[in-house]
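Pasting the structures here.
Two complexes come next, and they have one chain in common, subunit A, joined by subunit B in the first and subunit C in the second.
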Partner chain A sequence: MSPVDKLKFEKRDDISPLGRTAAIVVALIAAMLVSAILIKLANASPLEAFINLFKGAFGNKRAILETLTKSTPLILTGLATVIAFRGKIWSIGQEGQFFLGAIGGYWAYRIFEGLPAAALVPIVILGAFLVGAFGGMLAGLLKAYFNVDVIISTVMGNYIIDYFLSFMLSGSGPWREPGSYYQQTAEITENAYYPLLFANARIHMGFLIAIACSMIVYLILNHTPFGYQLRAFGSNPRAAKFKGINTNKIIILTMFISGGLAGLAGTGELFGVQYRLRPDLSPGYGYTGIIVAMLAGLNPIGVIPAAILFGALINGSAQMRIATGVPTALTFAIQAIVLLSLLSAQVLTRFRVRRVDHA
Partner chain B sequence: MELNNDPVTAHKKEETYLLEAVQLTKRFPMVLANDRVDFNVRRGEIHCLLGENGAGKTTLAECLYGFYKPEEGDIRFNGRCVNLSSPNDAIHLGIGMVHQHFVLVEPLSVIENIVMGTDHKGVLLDFAATEKKLDSLCLLYDVKIDLNAKIWQLSVGEQQWVEILKALYTGVKLLILDEPTAVLTPPEAERLFSVLQRMKDEGLSIIFITHRLKEVMQVSDRVTVLQKGRKVATVNTKDVTTEELAYMMVGRKVVFQVNKDEIKRGDPILQLTNLTAKSDMGLEALHGVNLVIHQSEILSVAGVAGNGQKELFEALIGVRKATAGDVIIAGKNIVNNSPRKIANEGISHIPDDRIGAGLIADFSVEENLILGLEENPPYRKGLFLDKSHIKKYAEESIAQYDIVTPSMKQRTSYLSGGNLQKVILARELRQSLKVLIANQPSRGLDVGVIEYVHKQLLEMRRNGIGILLISEDLDEIFTLSDRIAVMFRGKILKIFEAREANIESIGLLMAGITDKETQ
Partner chain C sequence: MLDSLLQATIIVNILASTVRIATPLLLGAMGELVTERSGVMNLGIEGTMLMSSFIAFLVAFETNSIILAVGAGMLTGALMSLIMAFMASTMKVDQTVTGLSLNLLASGISLFWYRVAFKGTSTESIPTIQTMGSVKIPILGDIPYLGEIFFNQGLLTYLAFIMVPVIAFFLYRTYTGLAIRSLGENPRAVDMKGINVTRLQYLSVIFGGVMSGLAGAFITIGTTVRFLPEISAGRGWLALVIVIAGNWRAGRILLAALLFAFMDAFQLQLQGIGIQIPFQILLAAPYVLAIVVLMGSRARSLAPRNLGIPYIREEG
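This part shows the complex of A and B:
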């Protein structure tokens, strides 16, 4: 065979939705095959592992509801990513804004603690959205007026927020639970709990909020002048500017909404699942949200199944670990393999790879 | 081989050409760019490649230069089959190419650019030897250029000389020039032609790509006409007329003139006073421009690219800050207003860069038709876009402007250049406008679409619109204008009444030569 000199990517014509679905199925099978090798190397049975993974995620009503609970913050951080990325605004600040939302919600809770649930919960949600949005907006302002790269400002912002929370929860910090050994606040009172959707399951109102948000983001993107302008700005900022779209306004407003959505994810985990603010409130929901959004092809409705897939992986891998002794690290590896194969499938459906070689 | 079109080869069997392409086919996704094209170049000839935009001229040249690899067909050089897998292979054979877009490093000098762009042995660069060789090349071909000037100090025309020198320096036997006159003033083009003649006398072969018939008649020995990727014919230039070539190129009879009515110009509608602006490099590129545009008038700005037209256009539509001066429309100063505000005053514009500045390629045709209108009722109803109204509006636009698209939901990037321009025309002209600023509205379009664009502009003029036409194409300017302003280095040198102007004096002014200097 002649040596391969170059690989060339050529854009394909548009591909049918059926083809796209087939590509996802093939990618998932490929991911399972590769993961099977790793599981085998860890001296476990791949088949048994996968069965347990599936059972853990969807085996019974309880498992399904828990999967949905795990996917709730991912839908919201995924949406935060979708709206920013559709404007080619590369925000990586979802993790920080997740915590800002938790901080904002907790702050509002501390002020209005005594109110009845019907008033307190909406106030908490509003506080969370506004504080998260404020964080996003700061990055937007820096980009609009000082042309500071959004990737840099949001990544740095994540650190600042992380350290700020550490300070608030430190030994002498104002929010530390008195006398506690852990870095955490006191448990919130029941009047601030997100209502649960079912008895005996952890799934809470946040899931409905997340679904509603994906509808709202869909409407914004496709049916409002702002969404139109955002998409125009994302695919051709020069033409957008020539045709009088106020690009600074777009950047700032988009980051405001994106930050607010990530903030809702944070406050949902705090008031719906954990009931305390702790530094480990998120095991990386912000970053996983970016993956979810990419997987969804930046489609706000597609974010829901993509988030559920990752929620299932997170939820199911717990049972897989317990039942087959596959190490924890491996479950993260499997998540990464799923992501890589899905992304490859996406590239391959959009482009044709051709070999260009010297004869 | 060739058909009866080439009487010389008919009886001269087995002539070995310098370069020969046999049944060359090149496909792109959705396009057959070259369809079994036969093409050859003799030693010491100037061979024109003629065709409309999108006829496959540049693609054919890029195949011969090794930039594209044809799917089928052979390329022979000196009678031997060659396999060009990159431009490097072509350069080694002695094939050079000057592209439409130059590849020069702006902060470096002419010599430095030429040394960098060529193979050299050893670690150190020998500038002295290079300079000596370049001097003798300049002398041989009568090229006048300051070898130590930095590229950014040179005009676009001069930069083209650098590209040509770069090719000559590598010792080319065959030089391919892709639309070289597009960036030249008429006098500069004349100079180029005389240098090309000299190169030919020295035994070089030249492929000259163009869509201008006059140039073909003037410089070439033979001409090959392409149409939609296929070769129509190869003929000896002296055996054909301009009309015959036009017919071969377009496949139908072409009207060279559109009818311009006699219309009395109306009241002043747009006034520019002392308009000044800087270029992207931060240098002052527009020096105090004064112009008055009247209703029912087409005022043209003629000039070679890079003399401040871009800055003038951008300052007028609000995407470039004017550092001084006023722009007054109907008594209202709108200088440095936002682009949206300016548009709302009734100023429409057609940008020269359709894909880059005029359209969102990822959007559907329907969406592009309301770009800039999305916030205005009736396209917006309350918080939301009024999709049913937008659909109706798009349907009307597509019908009225004869936009060829499979559907209004079609992604705009799949449309042809002519249809892209029609989308822009529909969008800009269907609004209630007072002034139209058109920057090279027919650049890169087929003859038929150019005719369409010109008719639309004249229609606007008839309707009382004031039109500022920025163009580098003198034929277009003479066809359409009521008055012609010549722009050079950011200044308006002179404004002519179109019927009193002649192409020679405007050509000289475009090169910055005022009457006094020529005496």
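This part shows the complex of A and C:
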């Protein structure tokens, strides 16, 4: 009998905070090591690349504020993931709902363009939330009434929304900036801008909205009957049903909120940072949100530091590319490696390894 | 006279494209069928296809050898699915999240590697490769219409269609096939028979990965001279949809794959004749169809009962 047979994996129900922290640290170190190899493959010095990455992200006040700007959509897409994944509803529609939010916000903006900022901005935000939420809710309805897996309907939705936006911005589409060579809308007018928080920095009101949302999601999950039911559904859908929980309602409502949160991320980028709707409004913020949520252990407050970490990665990668020539696409690779290492490292905390003497 | 000839050419054209477009869908779906029958849900096949299509492109570009490129694609598929098998079968990690992370990994690494490998290429000097070309089968290829549709295709296309009965025979008529199917239903029973559950799951997942690798290789070297980021464009996800729509049966998977491919071929033809529908709407059609098909396949009577649930042996 091989030595492996004498080890026994025991499943633990509780994950100690210490174990979770250890898993995160191990995952980040592993991700750094693999990234160093990738940077080496790009013929650059890993140390120099990491130093520039860090400087670009936290080097001065301006860099830090820009990192927070980049983390703003990630907090929201992260929260969108947290609420769905807590119920083991595997939605990966955050990317599409991000764009739905931008579309909804822009749509509302076009209707109410002339209003003063104090009225226009809240309307834009509401429009974004509702359209994003509608997209999420569709996936929820498909699951509840047609048993279509959320994961597949949301992926298909991402592609459909992508093509829809591409049509709206195409030469024959209604939203294309007249005479523009690019796929983009005209710039929005200043009365629709999200207010900036500091002079000389791009960080905007959306950051405060994101922080407020993480508090709200925390309260929903931990202090409402819906939150309790969602968590019960997540840990055992069958048992939840027997307890008399309306599981269809849980799925639909959860996806509604999740889609709305992702929608807020999209509209924040449009009205707070870019000021036009373009197909490249998101460099994958929806997908990064999934990793943010996993790194945060599906904790809505933990999403904030996790989002800042990945916001720093995205922000710092620009200076890394300028200084060392390493493509910024490295950040996507790093994100995925963090997730994979985290999954493996978590196993060590989920299971207690024990020697079996009497085998 | 000329009008009807034109009609016939167009129909033959659409059907021949259908067979060609079905190739990666069929390869991916038949591979995933074996994987899922063993109880593992590999949601990472989109990423597996993407990574394989990139590596196959890279090898074709560097060596000019189609055979090496196809081999590299298969090997990449095997390695990607090895990660899946390790996480699912050995580590017992949640298979959904693992599959997702494989997709993100492929997106990130392929884009990064492409940028590193082809640094400083401008839009005028996009790197290109030789594609595989088609092989006309003697005699059969000369049958009017049918020859053009079925027997004047690439080698990987023939392979994809041959694999349907081969895999069906393997799953339903061989001892190993029976063991794999039992794994998806009742792994404990397989374990008690003295069959190595972990090993069999690894083999099934890796087989699925190699098939996705072939699909990925076909996407680049079988069809196009250049690589684009995210070139797999949801074909891996469609393969997953096809497995569900096909209710985990080989024959119905073939039908479902042909349906999706026909849809795509049809919209390509519509684009070609310049119909007054925005092409973005046409491009979105397969994904809309996917949702509609899934709405109609509510009964998943033949889904493996233990799909996606890690098997943890109980010990005394």
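As a working rule, the second predicted complex is superposed on the first by the 324 of 359 C-alpha atoms of A that agree within 3 Å, B and C clash if a C-alpha of one lies under 4 Å from a C-alpha of the other, contacts with A are read in each partner's own complex, and residues count from 1 in each chain.
FYI, a residue touches a chain if its C-beta (ideal position, glycine included) is under 8 Å from a C-beta of that chain, and two chains touch if they have at least 3 such contacts.
Quantities reported herein were computed from a predicted structural model and do not represent experimental measurements.
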Partner with the higher number of touched subunit A residues, subunit C or subunit B: C
Contacts of A:A232 with subunit B and subunit C, given as first, second, both or neither: first
First, second, both or neither for A:S166, with subunit B first and subunit C second: second
Touching partner for A:A240 - first (subunit B), second (subunit C), both, neither: first
Contacts of A:T224 with subunit B and subunit C, given as first, second, both or neither: first
Subunit B versus subunit C as contact partner of A:A333, first or second or both or neither: second
Subunit B versus subunit C as contact partner of A:L47, first or second or both or neither: neither
Which of subunit B and subunit C A:I111 touches, first, second, both or neither: neither
On subunit A, the residue positions that both subunit B and subunit C contact, one per complex: 11, 356, 359
Interfacial residue positions of subunit B with respect to subunit A in the complex: 29-30, 69, 83, 85, 317-319, 338-343, 349, 351, 356-363, 367, 371-372, 374-375, 380, 383-385, 387, 411
Touching residues (chain side subunit C, partner subunit A) in the complex: 43, 83, 87, 91-94, 96-98, 100-102, 104-105, 107-109, 111-116, 119, 233-234, 237, 240-241, 244, 278, 280-281, 283-284, 287-288, 290-291, 294-295, 298, 300, 312, 315
Complex contact set, residues of subunit A against subunit B: 5, 10-14, 219, 223-225, 228-229, 231-232, 235-236, 238-246, 356, 358-359
Parts of subunit A lying in touch with subunit C, wherever the complex brings them together: 8-9, 11, 38, 41-42, 90, 92, 142, 146-149, 151-153, 155-157, 159-160, 163-164, 166-167, 170, 172-173, 284, 287, 290-291, 294, 325, 327, 329-337, 339-340, 343-344, 346-347, 356, 359
